[in-house]
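Order as written gives the chain letters A, B, C, D, E and F; numbering starts at 1 within each chain.
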Amino acid sequence: MERIDGRKNDEMRAVKITRDYLRHPEGSVLIEMGDTKVICTATVEEKVPSFLKGTGKGWVTSEYGMLPRSTQTRKQRDSSRGKVDGRTMEIQRLIGRTLRSIVDLEKMPETMIWVDCDVIQADGGTRTASITGAFVALVDALNHLVSIGKLKLIPIKSYVAAISIGIKDGEVLLDLKYEEDSTCKVDMNLVMTEEGNFVEIQGTGEENPFTKEEMKEMLELGEKGILELIQIQKQSLGELSDKVGTKK
Amino acid sequence: MERIDGRKNDEMRAVKITRDYLRHPEGSVLIEMGDTKVICTATVEEKVPSFLKGTGKGWVTSEYGMLPRSTQTRKQRDSSRGKVDGRTMEIQRLIGRTLRSIVDLEKMPETMIWVDCDVIQADGGTRTASITGAFVALVDALNHLVSIGKLKLIPIKSYVAAISIGIKDGEVLLDLKYEEDSTCKVDMNLVMTEEGNFVEIQGTGEENPFTKEEMKEMLELGEKGILELIQIQKQSLGELSDKVGTKK
Amino acid sequence: MERIDGRKNDEMRAVKITRDYLRHPEGSVLIEMGDTKVICTATVEEKVPSFLKGTGKGWVTSEYGMLPRSTQTRKQRDSSRGKVDGRTMEIQRLIGRTLRSIVDLEKMPETMIWVDCDVIQADGGTRTASITGAFVALVDALNHLVSIGKLKLIPIKSYVAAISIGIKDGEVLLDLKYEEDSTCKVDMNLVMTEEGNFVEIQGTGEENPFTKEEMKEMLELGEKGILELIQIQKQSLGELSDKVGTKK
Amino acid sequence: MERIDGRKNDEMRAVKITRDYLRHPEGSVLIEMGDTKVICTATVEEKVPSFLKGTGKGWVTSEYGMLPRSTQTRKQRDSSRGKVDGRTMEIQRLIGRTLRSIVDLEKMPETMIWVDCDVIQADGGTRTASITGAFVALVDALNHLVSIGKLKLIPIKSYVAAISIGIKDGEVLLDLKYEEDSTCKVDMNLVMTEEGNFVEIQGTGEENPFTKEEMKEMLELGEKGILELIQIQKQSLGELSDKVGTKK
Amino acid sequence: MERIDGRKNDEMRAVKITRDYLRHPEGSVLIEMGDTKVICTATVEEKVPSFLKGTGKGWVTSEYGMLPRSTQTRKQRDSSRGKVDGRTMEIQRLIGRTLRSIVDLEKMPETMIWVDCDVIQADGGTRTASITGAFVALVDALNHLVSIGKLKLIPIKSYVAAISIGIKDGEVLLDLKYEEDSTCKVDMNLVMTEEGNFVEIQGTGEENPFTKEEMKEMLELGEKGILELIQIQKQSLGELSDKVGTKK
Amino acid sequence: MERIDGRKNDEMRAVKITRDYLRHPEGSVLIEMGDTKVICTATVEEKVPSFLKGTGKGWVTSEYGMLPRSTQTRKQRDSSRGKVDGRTMEIQRLIGRTLRSIVDLEKMPETMIWVDCDVIQADGGTRTASITGAFVALVDALNHLVSIGKLKLIPIKSYVAAISIGIKDGEVLLDLKYEEDSTCKVDMNLVMTEEGNFVEIQGTGEENPFTKEEMKEMLELGEKGILELIQIQKQSLGELSDKVGTKK
């Protein structure tokens, strides 16, 4: 059975990462995974949250949004509705946790990095694209701190990327497009490091619990995708790529 | 190394489920897992969400809350802050998805069941206790629909329960107390059916990505706990227990 | 004419006060008046409101809530509606004023006590049960300050309790159940001290103004009920009961 | 001991009621009690609340507000704070209940009357002045319905007015000014009909519970004040005054 | 063609400014332009916004509101809707900018003046009446600072007033009433100083773009009106009028 | 005196309009004016606002937003603050009014067009760039209605564009960059049609009222810029450009 856009089950969509996409932020990236497009920016602020004041540690946090017409039908702005919806909160908490897991916060100066992921066009996988792009923007922002002398080294312990995997009509599929995502029986988002360790796993079988065997297949396929994404991150970072990861 | 309350690594806390805990709801349960206590109620409403009107299908949704002093230090009310926090949203979405995954919504009449989980006392694992207790309250509410002639059979496809697993000092631990949870390097919540299939898996290693071997151990330990919890659900349901699950 | 549950006109429902109901708060009580059940907790916080900073005086404040399914039909959460309703505000202001009227704030250390009253099950009289139970939780929290050496004596000037009285079909009734309350022509809530002095009186005859004679009868009946409640508070407090009240 | 403005203990401030104060509303009144000035308007709307649709009954509701600089120091607007404060809610609920208690809602057409009380200048007693003025605005709005043929008679069962009473330095005082109100040990608001029946009584002794004898004195003084206010309402209404009250 | 109220095209409505309208504010004015009535108050606060702390400069800001029944049909309160509407925000920003343009903020002490404009009765031109009245209230508040020794001179550089102009059926009209305003094809609000300089110009031709010739006529007519308004401000200020404006 | 980026006083920044920028919306444009970049989308919805139901008329409305890091320092999201700020409201009302002024709403089918302008990168003039780009997106959305047979002709009466003009150090400047805008003494936004008629004029001299001569110069310079922008819109629209404007 062929996928809707002709891909093989284990084939990712084309990925493109454009660094320095915007002029103002310390790090900014446009990441495109097929038709999904997300602007990821990383902003350095002097002010840390109150629970960190005086500790000498830094912090990384994240916010996520969608332009009203990034989606097939127009989505009302959170600001018009007066509150952030639950899905948005889940996603921005996920991005924040992921980034904090691979940054050595102890080695950051007492600063805060805001990572904003704003979806310009949505076609499935916006949260995983956000993570993969946000990582690159974060590297640039931390490198900015190096370049102005606030840091000696980029305090990132490992590369990290994310991908979605799903099960549809009994087939395990990598990197779901919107039409696949919305008809899948099982939906998993996987966040892994370059070393193949898990940062986050979120799997849900809303209408259809899944078996251990399916779980195993999804994890294998996900890992394959993530390693490909990390190669793309490295190419995008160019010579900076060697300065990231504690082994370097 | 012994755990803080003397349990073995693979030992759950004492679990107690009290049915018919409140007078008004169609289903109501007090679930206690050690010092964690949650009131779960299931309310039948005639009105379904607008996207289901006229479809003949039912719906199950959930809300979650904590009493201000369920926690060690007082937690401000969401209503005072004017908005629901992200953690609360994540948990109530998780409970709702879980329950919908094991109910045959097509076989429900066009009604909506609200499942409210309110934490009276918190000592870790409130979301998993909520799921395990909510399942029982839901059975009672659906059985109420049977008893008044709105349903012939309880449209539940499978038992479902949830448990937390974590890694602390290199040991994989089942059913974390608060002190364990807050110091764990890895935190996983697992929701499984009686058949050993996955409904939800949420694992996070905020400060410490975890390996595939650790993942495997956590899944095994979690399954063990969930099967024990389902036995407790069955004892609590007594003769109703045979009317649940499509195999019956 | 007999009342709906067989009580006499001047007869209160069975009252039960369970102290130390929860593990975390400095004071916590479950009060049951018939089918009305309220959890009252008292939390000690170091931080006083800004208008008291540096005065050396303490403060007592209160918040009130209902579980969504404490009521006969499910009540939407304030946090979902995004605001606290007027009835809730009135009640929590009433509880706060009442407790402050019998505490000697000058003798408290510069701390704040939050009293939370959360209705688990409602069958009329939730605000009066809240006050009666909150008093006991407050005593325990103040005694906690004594036990850790922050206070020498419990700075409570007098016992206080509250009861509802109503007029239905020309009869003056004590301690209204929900069905009575919702069909009463006149509804009064009375808060009195052990000495028979008024702390609060709130009477309303929404559809039916009431006469001076009816007023007199309601006050007498209310006082009778309040003195009974104070005896129950004392039994519940046991040996602590003698340490409360300025006469002691 | 003389009062701050030279009044006797049982003496009300000068009261002035200006009808037809504004051009647009069906009823509008400026009431002045000493330096307290409130604009009361009554608006007729076709739409009743949903719980009354199809019942043929009418409804009366009320909202209350203060101009930011009606008070001695500027009070932040509710709209800037994003929510209505508890005091405002209590007052508008009180005004609404009071007016509904003396209107025969069954005899109103299926319309809704909004009564808005907006304090232009505050010097104590704004809620009681609001009630006394709102009554007159309501009569005018109902008379408007008579004049356009929607009603045969003004469906008001009784005159109603409100006054504050307090205890200061052991003296019972009628109609408190702000300086008296803020230093009083006991504060009571009384709403009564022309027949001397109670519509609402709200008494609070925040720092100082009050005795039965003090209660008795306050009620007598309050009734005296209310009967004077009703005479002023009647003079203001002129020939309309005879068309109000079921005895007429 | 005659205007609805018999005025000539270039004729303003009767204007009346009552100073010291309220007792508490440092400056307070009732301005009436025909049936439009606005209470303007100016409040002196010690606290400046954080961006001005320590600069030694003062600040002027403004808020605007309408009583619910100032309008022909009742307008819901912003506080009930939970947010301020866009029109209100535009107007209060306009008033604030205008007043800041003619005050020498450098010469003010480090204080903040809140100018509140509350519409009691609306018949078109509420924003322009607010500006014209607010100016007078501001003079009084600044003069209060002079009288208590916090200022030597009133730091106002120029008189300022505002007027509306519109085009209806090809005629350019000064000072629109509500019925004219709501049927006009072009609507302009002009704010000018005594010297004939522009502070603000806001013109909109929502359904009908307007020509340069029409623009010219509107500006001329507006200037005529503004100079008349400034004469009225001066008469109202009496002997204070000479202390305003840098030329004096 | 040379401008910061070397432009002449009457020289606009480079303008680039990219049509069909996004995949989902009926019309979508990226407009770049120098470093200011705005995504403008036009969405067709079947549902009109309630005041238009059954009238057979259409409607055009607009919302405006900025990505958090479009600006030099990060701007908090409206959705995090829980409310839309005043500046945003002013701008989106301006865009909506402008577009409605040149669309023949009577000739639209009973549909609603949402125009969203989201600033990706800000360097001054975001509101005027939004209008200029939104016009093109709107043409595409209306042309979509033509292509699916819901409209015969594009019901646009005239081209419209917008530009900013300011006065700095006595020089009148066209199309202000951020650094110019924030230091200008006078700031004007002009919206004009191809015929040279005014749709909107908003001029403000917050700290420095401006003279009639300066006004005249600003209007002339603005018109020059607007006519250039309309030529760029036409080139962008290509063969569609002839189908717009009633003269065609």
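In this text, a residue touches a chain if its C-beta (ideal position, glycine included) is under 8 Å from a C-beta of that chain, and two chains touch if they have at least 3 such contacts.
For clarity, every value in this text was computed on a predicted model and none was experimentally measured.
K.L.:
Give me the fewest steps it takes to get from chain A to chain C if each step has to go to a chain it touches.
P.N.:
2
K.L.:
Which chain has its C-alpha centroid farthest away from the centroid of chain E?
P.N.:
Most distant chain from chain E: B.
K.L.:
Between chain A and chain B, tell me the centre distance in angstrom, where each centre is the average of that chain's C-alpha atoms.
P.N.:
Distance between chain centres, rounded to whole Å: 29 Å.
K.L.:
So the centre of each chain is just the mean of its C-alpha atoms; given that, what is the distance between chain A and chain F in Å?
P.N.:
33
K.L.:
Between chain B and chain E, what is the gap in Å from one C-alpha centre to the other?
P.N.:
Comparing mean C-alpha positions, chain E is 60 Å from chain B.
K.L.:
List, in ascending order, every residue of chain F touching at least 2 other chains.
P.N.:
Counting only residues that touch two or more other chains, chain F contributes 82-84.
K.L.:
Over in the complex, which chain A residues touch chain F? Could you list them?
P.N.:
Residue positions touching the partner: 22-25, 28, 35, 39, 41, 43, 45, 63, 65, 67-72, 74, 77-80, 82-84, 88, 114, 116, 118, 120-121, 123.
K.L.:
Can you tell me which positions in chain A touch chain B when the two form their complex?
P.N.:
Interface residues on the chain A side: 83-84, 86-87, 89-90, 92-93, 97, 100-102, 158, 192-193, 195-212, 215, 219.
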